[in-house]
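Each in structure tokens, the structures are laid out below.
Each of the next two complexes has chain A plus one more chain, namely chain B in the first and chain C in the second.
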Partner chain A sequence: MEKGKISSLQMAMLMYPTIVATAILSVPGITATYAKQDLWLSPILASLIGFVTVYIAYKLHKLYPEQTVIQFSEQILGQFAGKVLGFLFLFFYIQTTGHMIRAYSEFIVGSFLFKTPISAIIVSMTLLCAFAVHGGLEVVGRVAQLFFPVFVIPIILLILLLIPDFEIGNILPILERGIMPPIKGAIVLSGWFAEFFLIIFLFPFLSDRRKGMKYGMITVVVAMMTLVVVNLVVFFVLGITTASQNYPLMNVSRYISYADFFENLESIVMAVWIIGAFVKASLFYYVTVLGTAQWLNLSDYRPIIWPIGILIVQFSFWSLPSTMALARFDFEAFPLWGLLTQTLIPLFLLLIAVARKRKQTGSKTS
Partner chain B sequence: MIRNMSKLLRKTKKKKQNQQESKPQDALHQSFNENVEIFRSIYENCSDVVFRPFSIFGKTRAMIIYIDGLSDVEGLDENVLSPLMQETANESQPFNELLENKLPVSNVKKVNLLADCIESISTGNPILLYEGGSDGFSLSLAKWEKRSIEEPAAESGIRGPREGFTESLQVSTAQLRRIIKSPALKIQSMKIGSYTRTTVALAYIEGVADQTLIDEATNRLQRIEIDGILESEYIEALIEDNPYSPFPQIKSTERPDVACANLLEGRIVILVEGTPFTLIAPISFFSLLQSQEDYYQSFMISTFIRWLRYGFFVISLLFPALYVAVTTFHQEMLPQALLLSIAAARETVPFPALVEALMMEITFEALREAGVRLPKQVGSAISIVGALVIGQAAVQAGLVSAPMVIVVAITGIASFMIPSYIMAISVRMLRFPIIFFAGTLGLLGITMGIIAIAIHLCSLRSFGEPYLAPLAPLKGRELKDALWKSPLWKMGTRPHFTGESNVYRQAQGQAPSSKKGGESGN
Partner chain C sequence: MLVKRKGSHFMKRILFLLSLSGLLLLLSGCWDRQEVNDLAIVTAAAIDKKGDNQVELSVQVFVPKSLGGGGGQGGGSEGGGTGKTTLVISQKGVNVAEALSMVQSELPRKVFWGQCKVFIFGEKAAKEGIQDHVDFLLRHPQPRERADVFVSEGKAKRLLELQTLLERDVSEAIREQAKLGVGMKVTLQDLGEMLASEAQAAALPYLKIVTEKSEEVSYQFVKNFATAVFKNDQMIGQISQRKTRGLLWLKNEVKDYTVTVKPKDTKGGISLNPISVHLDLIPQIQGEKWKMVVKVQTEGSVIQNGTNLDLNNPKSLKMIEKVYEEDIKKYIESTIGQVQHKLKADIVDFAKEFHRKYPEQWKQAEHRWEEVFPEVKVNIYVDANIQRQGNINESERRREEKR
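Take a look at the complex of A and B:
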């Protein structure tokens, strides 16, 4: 169905913005709510989920090297249960894509284009993603690779330009109220790290499969480090008020003033974020389309790009009446919902698969 | 009555068609008279075709057919007519051989088929027919007026060879051969165009160019069925990978040195009779932003100029759009002083920035286009009108703001920095939708425009080679000639996609240093 191949490096460059793009914007605020000055510990703890998820995905991939989770869950659980589980995954990904595009559009409308109707932004983003998905995995991978420096360099610049505004003392005292607050923050954050499960849809299409695991783990490390640094930078600048901001990184970027010329660079944060959100949304979109085509046993996924695009736009409105509802979903529902579908269920899949394989090989040898 | 007439007419028409269609494949007739008749009917109403009857050695009747102006008449007189008419026959030899020996012409080919005769006459080689033979001789005495080799007008440079291709294919292939002397340089030619019968030559270096690439190119060329090829763009339009793309997927050049450099990197070159512009494939996005002079300068200067070019490429695509977006949506991005001066300049302008930008950009494009098509004598009028009326007067009248004029001027200069003319045009064209996006969605619109262009570029291929290579997909080894320019002694390998079959192009470790050789006394 997918004839294109991507390299492990391209996979890493796809996964990194997918995790980081949405996280750097809202995660400092969310983790600060729970962990206060220890917010930088949360990403480190949450990254454990990332490592576990990548490990599970890789192990499953080893057992069924040519297939994605939609296909091999039928083999593990039997056809009916497999289809049901496949539907659950697809539902999760369609819903998450819609939710993610909605969050992106809320950010744009809330911070920059106040008078633009939100549907215009949602639809234009979905169209762009559909355009990329239509080109196939190869195109999505190349676009991600092309935009990787465009995404990373401004973030580094932003951090460097903020150095004069640092108040290092903000993070003291460390672990004032014990380890529990950072763990609470980490639980919220683990929803993002669980998204590394997407990697299982990419493993079968790698041109150098042996490096898949390595690059997956590297991506988790780099994403974790980015979040730690961003959390620290934000907290150095804003202090305890971080918790009350929706998009702390945006507020922080307003502090930049360099040579009396580079001021008010939040538009650059926006441009970077659009690119990150685009990479993230197209990967989710691609996975959804590919998974659906495999679930329906279609020979090509391109005909269903359009209908799924409409579904994604719909899901970005359904059940999310307001920005408040969106934020609440991020806080309360998503961490568990994401963790359940992307780490726990795959873990059970892996256990069953391993048990089955044992049984098979056992019966063969005896 | 009328029906009968029309039937008859149709019959005769059919006959004529039949005659013309079946004839070219036929062999020459046994009878001399018949042959002459056939040629006379083929070249009926062609006043430029000359039939010259004479007798060889005073005995055998013969006929020379050539096209006036395409053949060397003096050579024909001196080397063909005079020896054949004066000498007497030596009966011991067969007539055929005798004839060949007596003709002091370098290349004499025996032709049997009518089609070959016509081909030969059309290319300027006279045909000699004689009584008693079912074949003719094609004498290579073609000579027509052609332009001399000049400096290429569209790709000039400061350092480097100053000769360009000309319209004549033979001269062009000879220029290639003079640079690449190895017999591994292969030049395959074919005729394309049912009426023009244009010669199209496919050049490549055997052992360097990938065989699948050569096969693919030959296939694509052979697939062409068209009435005529007037310029290499005809070929380009019919063999490129994605015709619905604003970006050129085949590079054209009129410089032999550029063509040879690409041959050495494993690419193919297509030369077309009648145009100095040859085609190079496969290419990447970056090769369109490189000029031959990058290789004729020190690597540091080349890298600097390349980066300047990349920067201005972005400016030529985005600068007006950024101006529109910033002045309309993101005023806070500008420092206060700059914002105030722009606001003061825009105060009297009655149009929104979007309209102003579109207006000025379109005017600039019109000026440029007018300048290209205009006779040289009127050219100065355009520049006066452009500079005074559109520049100064429009600003003084308060119709256009001065910053906008500056933006348009910088954008214009930026677009001329792109070495490939076709690439520059596609960038100019893409500028307009991006200005429009900027005017409606601000920076978001610009970013979306860039993303859309990037997706398109990522999905584009040139003869199967990814267009954005070596950046996406990333090929670290090749960044040496794309993102920057490595010194020559570090460019040890050929490009990945085209030169894979013969990777190394020079010996390793040739970095010059004062310790190496030179002073024998030490």
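Take a look at the complex of A and C:
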């Protein structure tokens, strides 16, 4: 069905913005709510979930090297249970894509384009992603590679420009209220790291499969470090007020001021966010479309790009009446929901698969 | 056949180009298209209390016409547009947001906050609490976190109506003055942090209108006069200009500042400019006693020497350094004395220092910090060095005496 191949480096460049783009904007505020000055510890703890998820995905891939999770869950669980699980995965990805496109649009409408109807932004982003998905995995991979520097360099620039405003003492005292607050922050954040499970859809299409695991792990490390640095930078500048900001990174970027005219750099954050959100949404969209086609045993995934797109747009509105509801979902439901579908269920799949293989080889030898 | 195929290819290209140029239409931003000539650019805003439950919001709006749009040099002499560069509009409302909507109804252009870099609270509004107003400023996406916040003596609106000679308008004058470091400089972000801090105290620069009178003209200008002290979000008092200097030392914000000291046994005084300042706040808890060690390290240069002391002589240099240290110490002591015992508001943020070093003890003192703070013993150590003496190496007085 998918004949394109991507390199593992492209995979890393695809996964990095997928995790980081949405996280850098809102995560400092979310983790600061729980962990206060220890917010930088949360990404480190949460990255454990990332490592575990990548490991599970790789082990599953080793057992079924040519297939994605939608296909091999039928082999592991049997056809009926496999289809039900496949449906759950697809529902999760459609819903999450819709959710993240909504979050992207809320930021744009709430901070920059106040009067633009949100549907215009949601639809235009979905349309753009649809074109990328139509091009196939290779195109999505290339786009990610192309945008990678445009995504990373402004972030580095932003951090460097903020150095004069740092108040490093802000993070003291370390672990004042014990380890629990950073763990609470990490639980929320683990929803993001669980998204590394997407990698299972990319492994079969790697041109250099041996490096897949290595690059997956590197991506987790780099994403974790990025979040630690961003959390620290934001907290150095904003202090305790970080917790009350919806988009702390944007507030911080507005704070940059050099020589009276080099200021108001929030447009950089907006540009980074749009690029990151585009890569993220495209990957999610692609995975959903590919998975659905495999679930329905279609010979090509292109005909269902449009119907899925409409579903994604719908899901970006359904049950999300306001930004507050969106944030509540991020805080309360998503950590469990994301962790369950992307880490725990795959873990069970892996356990069953290993047990089955053992039984098979056991019966063969006897 | 071949020609036909070529033709369709050509048509395809044309269509592609057309659809590409169609994208240009999207670049303007559609719904959020905002032309500069549709904006009323606010340069400063003042928030006052009016009557019992009303807030008066005054905005100073920039008048683009006054710059003689494209007229160039000629505009100045003919005084185009009667020379007024700004327009002040004020309206009442239950809160700032409502007052703003009333202001908007009086303007033909959309109010734009992005360039507003000065917010002034009237004294009465400050005394009744500013939290409510700050909520609006931090929540609204347009006002900048880097904007400066002030408190004014009396009504803040009067400040906006002043004419300035040196700068384009009052907001510019106020901001530039704050930047020089004569008094405190507090940004909206700083204020938000102060209001959320454990010290539960805040300090804002206090502005006053001063009149300079000569025989022919009298000229009014705004002076960054003193410091307004807040407890929680209510202004409870102020610190004089003299003591504000001590506060600047404690906040490590000393910038443009001249110290004049009078050594004993000599005539005249000697003036110094601090060049670099290094401040250490070291909290100490011994048993039940809370102590704060304030260490100031500063380097200065001599800018006027009216004494007969020879600066090239290490002995007299030491002596001057000693007097310089004493003087700085005196400033800081008098400020701390007032802050600790009279106002009882921790505007220096000792709370933060104690919290960072002694989290355990802090937890017990946290809720009664108001009682603990005045009891904190403060030890001040100043280490001053004189680095340079300017362009001449001998004082005029000394030369005279030598002769």
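Definition applied: the second predicted complex is superposed on the first by the 365 of 366 C-alpha atoms of A that agree within 3 Å, B and C clash if a C-alpha of one lies under 4 Å from a C-alpha of the other, contacts with A are read in each partner's own complex, and residues count from 1 in each chain.
Following the convention adopted for this analysis, contacts are C-beta pairs under 8 Å (C-beta built on N, C-alpha and C of every residue); 3 or more make two chains touch, one makes a residue touch a chain.
The structure displayed is predicted, hence computed values, not measured ones.
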Touch count on chain A, higher of chain B and chain C: B
Contacts of A:L146 with chain B and chain C, given as first, second, both or neither: first
Which of chain B and chain C A:K115 touches, first, second, both or neither: second
Partner chain(s) touched by A:F80 [first = chain B, second = chain C, both, neither]: neither
Partner chain in contact with A:L9 - chain B first, chain C second, else both or neither: first
Partner chain in contact with A:L238 - chain B first, chain C second, else both or neither: second
Chain A residues contacted in one complex by chain B, in the other by chain C: 112-113, 116, 263-264
Complex contacts: residues of chain C adjacent to chain A: 29-32, 114, 141, 144-146, 189, 192-193, 196-197, 352, 355-357, 359
Contact set on chain B toward chain A in their complex: 329-330, 332-333, 335, 441-444, 446-448, 451-452, 454-455, 457-459, 466, 468, 471-474
Partner chain C, residues of chain A touching it in the complex: 110-117, 120, 169, 172-173, 176, 238-241, 244, 251, 254-255, 257, 263-264
Interfacial residue positions of chain A with respect to chain B in the complex: 7, 9-10, 108, 112-113, 116, 121, 124-125, 128, 131-132, 135, 138-139, 141-143, 145-147, 260-261, 263-265, 267, 270-271, 274-275, 278
